[in-house]
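Dumping the structure here so I can ask a few things about it.
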Amino acid sequence: MPGHGAAYFGKLAFGLVVMFAILAGLQAAPRRSRKIIIAFFTFLGGLYFALEFFYPAPSGENFLTGYQPLVAGLGAVIGSFAIGLGVFSLVQLHLRTLSRLRPGWGYSIVLLVSFVAMTVFGLMNEYSPNATVIPTVGGLWQSQNAHGMFRFLFSGGLSNLGSATFSIIAFYIASAAYRAFRLRSIEATLLMAAALIVMVGSVSFGTALTAGIHPKLTDGSENPWANLRIENIAQWLLMEVNTPAQRGILFGLTLGLLATSLRYWLSLERGAYFDKEL
Amino acid sequence: MNSTLWNRLQTIDRRIIYAVLLLFIIIPLFIDIPLPTYPSKQSQDFYDTLEKVAADKGNANKIVIVNGMWSPSTRGENQWQAEALITHLMQKHLHFATLTFDTQNDTVMQTSVVEPLAKKYGYVYGRDYVNWGYRPNAVYVITIKGLVTNIPGTIKKDAHGTPITSFAVMKNVKTRSDVAAVVDITPVESTETWLGLFEQNNSPPYLFAPTAVMAPTYYPYLDSGQIQGMLTGIKGAGDYEGLLHTKSFGSRIASALSLVYALIILLVIIGNVGHFATRAAKRREAS
Amino acid sequence: MQHASENWWVSGLVVLLSLIIIGKVLSAQRGRVPFIRRIPGLNAIDEAVGRATEMGRPVMMVPGISGLDVVTLQALSIFSYVARAVARFGNKSIMATIDPIVTGVAEETLRDAYADAGRPELFEEGDVRYLTGQQFAFATGVAGILIREKVAASFLFGAFYAESLIFAEVGQQVGAIQVAGTTQTNQIPFLIAACDYVVIGDEFYAASAYLSRDPTLLGSIVGQDYCKLLLLGIILIGIISTSLLTLIHGGPVAHLLHTLVDFLKVK
Amino acid sequence: MTEYLKHLLDPVLLFGALGTIAILSLVFKENRFYRLFEHIFLGLALGYDLELTWTTVLKPQFWDAMVHDGQWAWIMAVPVGLMFYGVYTQRFAWMSRLVFGIFFGLAAGTAFQDFSARFMPQVTRSFAPNKSLIPPPPTPGDPHALLHQVSFVLNNFLFLGIVVCVLVYFLFAFEQKNRAVLRTAQLGRWVLMFSFGAIFGSTIMTRMALLIDRMYFIFHDWLRLVKG
């Protein structure tokens, strides 16, 4: 460790020993107390934010506010150790496909190679972007450094593939509209009517339909009939119908969130995961 | 016509729909389809506001702040809005400063929009415009707050590391009162911060160019006059080009959009005709 | 509002609402099991799983694309019900996840659900698949699974964003029965257009109670209903006061109403 | 010509163009070309996740703090992080539940602040959806004063009516037997559908713009067939 002596290693070792001792203690606790231990730590996890909110903060801060970056950092650091769960799960699946030569094993190779390449060149791009990774071969190609490789994988691959996937939605929105907008029931009809009004109101040929209604009268005053311009009807729909409906939904959603949070925090939740004997 | 033909109308193969959609999008890229543009009220307001700003002689030494929150992922809408806006600023000889809080915005904004247009309109860096560059999103709020009272102290250096006080365009720009207008080109929620921390009694004017999907959320602000003009996605960019009489790519894309919308509406009508005809035919068979 | 002390009446209200919910939960646990209305989309779960089994094709579940939060956990508890149905029918299920921690919790949830249904051997490694943390890479992965595994029933519950239509439309194209629900209201129209059954708004939160008929969860739903009525009451009082204020200017009544509205207002 | 060919074969552009075509081909039919790029995409994204986890979280907040800033206590996060991996064993499986539990708690604990900050202002904003229930005094000389006032009042009551109908639809604990309740809930559902239609319609433009942009990338940036 640069800048730290042997004493620092001692501290690190001490930290590890203490933490493992605590975990060993928990592991040694009687089986039936495990549920209580979990409930306790769950409660503790939520307590910080709850207390920070409810404790009076006359100047906008209380004694807990300053620890927010620490708590967030701790959560992020510990949480990011879990990335292994994901990586193992995926890599294992593809290694298994590969070792048993199941159909499509070639694609597993492609996935694993892209994964390793991105990880390696991504990290090299952080630490030694100018390191040569592909040497020049006279007449065939120029040498390539780590940054170049990363740019190839990121700008050429990842970001274009992301945009392409996003743009697929354009096709799907068309086929979904064609299929779903049928005058089948009152509900389907309402869905269709609103969608068509808003669509027509938002493109030129639509606004052209009612462009004859001038916003101003000849005397310069406001024309009341201008409210019937298609884009104004669309806007009215979005503001006066959509907004209150959204608000009604929001009420239920937020209360649902509050109630569910309370059940998790106080370990009142039920269901397979929560009912299991440990 | 028999019922199978009607039935076909309501079960068009999706691949046919997709192929036609693709054609309707690609063709306008090559051919300029002269569809008339009818600017929406918000686009017209956007244009009129900047015209008014430009007409005011007191704004000659002031600056327009162009805040860009967009990245290549939404360039399909935001780049054309930016292009039309910068064109307008340059046509009217307004000074401006670009500022961004998105890591990828600076490159695309400068190389694809500002630099080519500066060449076209003879805009000189430092004299007519300046690039304040990128600031991390974490300091977004503090930066906007800082601009109110102390612009040079908040921005300090431009995108290339040169102190901004050394630029002629920044000579008289010290506080909010030296800002002629704020234009926000964005695919994310950035408005509240500007309205809450920077604006005072709707001054300087705040103009807004969001992606179309965001626009409906902001109608209340338009109603209350806190946002003086809005360009809704690519339709807004097309409107703006129409108002500037510089039909370029935004208008072409707006035409493509019109075609695509017409296609979808047509599909919905065809589907319904098929639906009803089939149902009627079935009823006839049953009776 | 960052802290309770900025507005004690609002934070008091939060506490009151919490107490109502907890109170209803506790009273339901003591045996006063309440009734809740029918939620149409959810009755279709068994039907969908059953049909998938008849066709000999698997069931797909996607718990949204956010990390481990309350919404995702709620989605997992709906899926634990789905998984039990899958195990009862002796079918196979695949769950795709976007977050490593969610992956861990999801594996546990499915394993427990299969065990609950008496078929622990049906759960296999690889049934829960972490794909990646990137939104659209995840979307291509899910689309690939839906097509290649010939999924016959697809369940989308959780927080979905723009990619919702990719999942729903691809699922529709492979002919899967689809049941969906999300807390992202902006995505509901697309789910309605492409799925067979959609639960709307906080039907999503009511789903696990409705499916499990567990007194705790039912009690919570009833508590939430009382909270809604309370909030509706506050809105009505607020509206009446503000409307009266535009009619009455000056005088003690106006003063009283002013005080009331100021009290109710949140900055 | 060779210059053009060189441009077409530029690795970054070529990768992007082929990838775009491959991904878009999915809408016509799932095929090997799509599958190839799907797996490349998943691999790249996973690698990028790993890199981001290191460069944005672990390195600055954990490694640098511990190794360079002398904050030795960070080492104690390691055993806690390892608890996740208890899932893989029978014996320590409950340990993973313990650490999941802490995360459940963290996720739940923010609910109070979230509720007060994000939600309560919406409640109070409903008191006067359009500033007030009663229209403002007519501006002198406005020839359509009456029309303005009538539309103002109608819009306000519409707003209120919709909020109430939607809320009634979302009541679960009351059997919708009462005709009035049933009708209101039904109306609530209809309004919801209408509102969803409006959302659908207003989303299309942004989605189409993305596809237009992809085509612009292929035909302008890569093939240079379009003058833009």
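For the reader, a short list of remarks on this structure follows.
The chains carry the letters A, B, C and D, assigned in the order they are written, with residues numbered from 1 in each.
Here is the rule we go by: a residue touches a chain if its C-beta (ideal position, glycine included) is under 8 Å from a C-beta of that chain, and two chains touch if they have at least 3 such contacts.
Everything numeric here is computed off the predicted structure, so don't read it as measured data.
When every chain is represented by the mean of its C-alpha atoms, the one lying closest to the mean of all protein C-alpha atoms is D. One simple way to say how far apart two chains are is to compare their mean CA positions; for chain B and chain C this gives 35 Å. Our note on geometry: chain B versus chain D, Cα centroid distance of 21 Å, whole angstroms. A separation of 17 Å divides the Cα centre of chain A from that of chain C. Here the spacing of chain A and chain B, counted between their Cα centres, is 25 Å. Annotation for chain B: residues touching 2 or more other chains are 14, 18, 212, 216, 232, 235, 257, 260-261, 264. Of all residues in chain D, those that touch two or more other chains are 23, 26-27, 35, 38, 41-42, 44-46, 48-49, 84, 87, 97, 103-104, 107-108, 111-113, 115-116, 123, 126, 160, 163-164, 167, 170, 192-193, 196-200, 202-205, 207-208, 210-211, 213-214.
Annotation for chain C: residues 2-4, 11, 14, 18, 68, 70, 73, 101, 104-105, 108, 131-134, 137, 140, 148, 162, 185, 189-190, 192-193, 200-202, 206, 221, 224, 228, 231 touch two or more other chains.
Viewed as a network of touching protein chains, the structure does not reduce to a path, ring, star or complete graph. Touching chain B in their complex are the following residues of chain A: 159, 162-163, 166, 170-171, 174-175, 177-179, 181-184, 192, 196, 199-200, 202-208, 211, 215, 231-232, 235, 238-239, 242-243.
Those residues of chain B that touch chain D in the shared complex are 14-15, 18-19, 22, 25-26, 29-30, 74-77, 211-213, 215-216, 232-235, 248-249, 253, 256-257, 260-261, 264. By the touch criterion stated above, chain B contacts chain A in their complex at residues 10, 12, 14, 17-18, 21, 35-38, 40-41, 72-73, 212, 216, 219-220, 223, 232, 235, 238, 254-255, 257-258, 260-265, 267-268, 271-272, 275-276.
Here chain A touches chain C in the complex through residues 52-58, 60, 62, 79, 82-87, 89-90, 92-93, 96, 104, 158, 161-162, 165-166, 168-169, 172-173, 175-177, 179-181, 191, 195, 246, 248-253, 255-264, 266, 268-273, 275-276, going by the rule given at the top. Residue ranges of chain C in contact with chain D, taken from their complex: 1-4, 7, 10-11, 13-14, 18, 34-37, 39, 68-70, 73, 101, 104-105, 107-108, 131-134, 137-138, 140-141, 143-144, 147-148, 162, 185-186, 188-190, 192-193, 200-203, 206, 221-222, 224-226, 228-229, 231-232, 234-235, 238-239, 241-243, 245-247, 261, 264-267.
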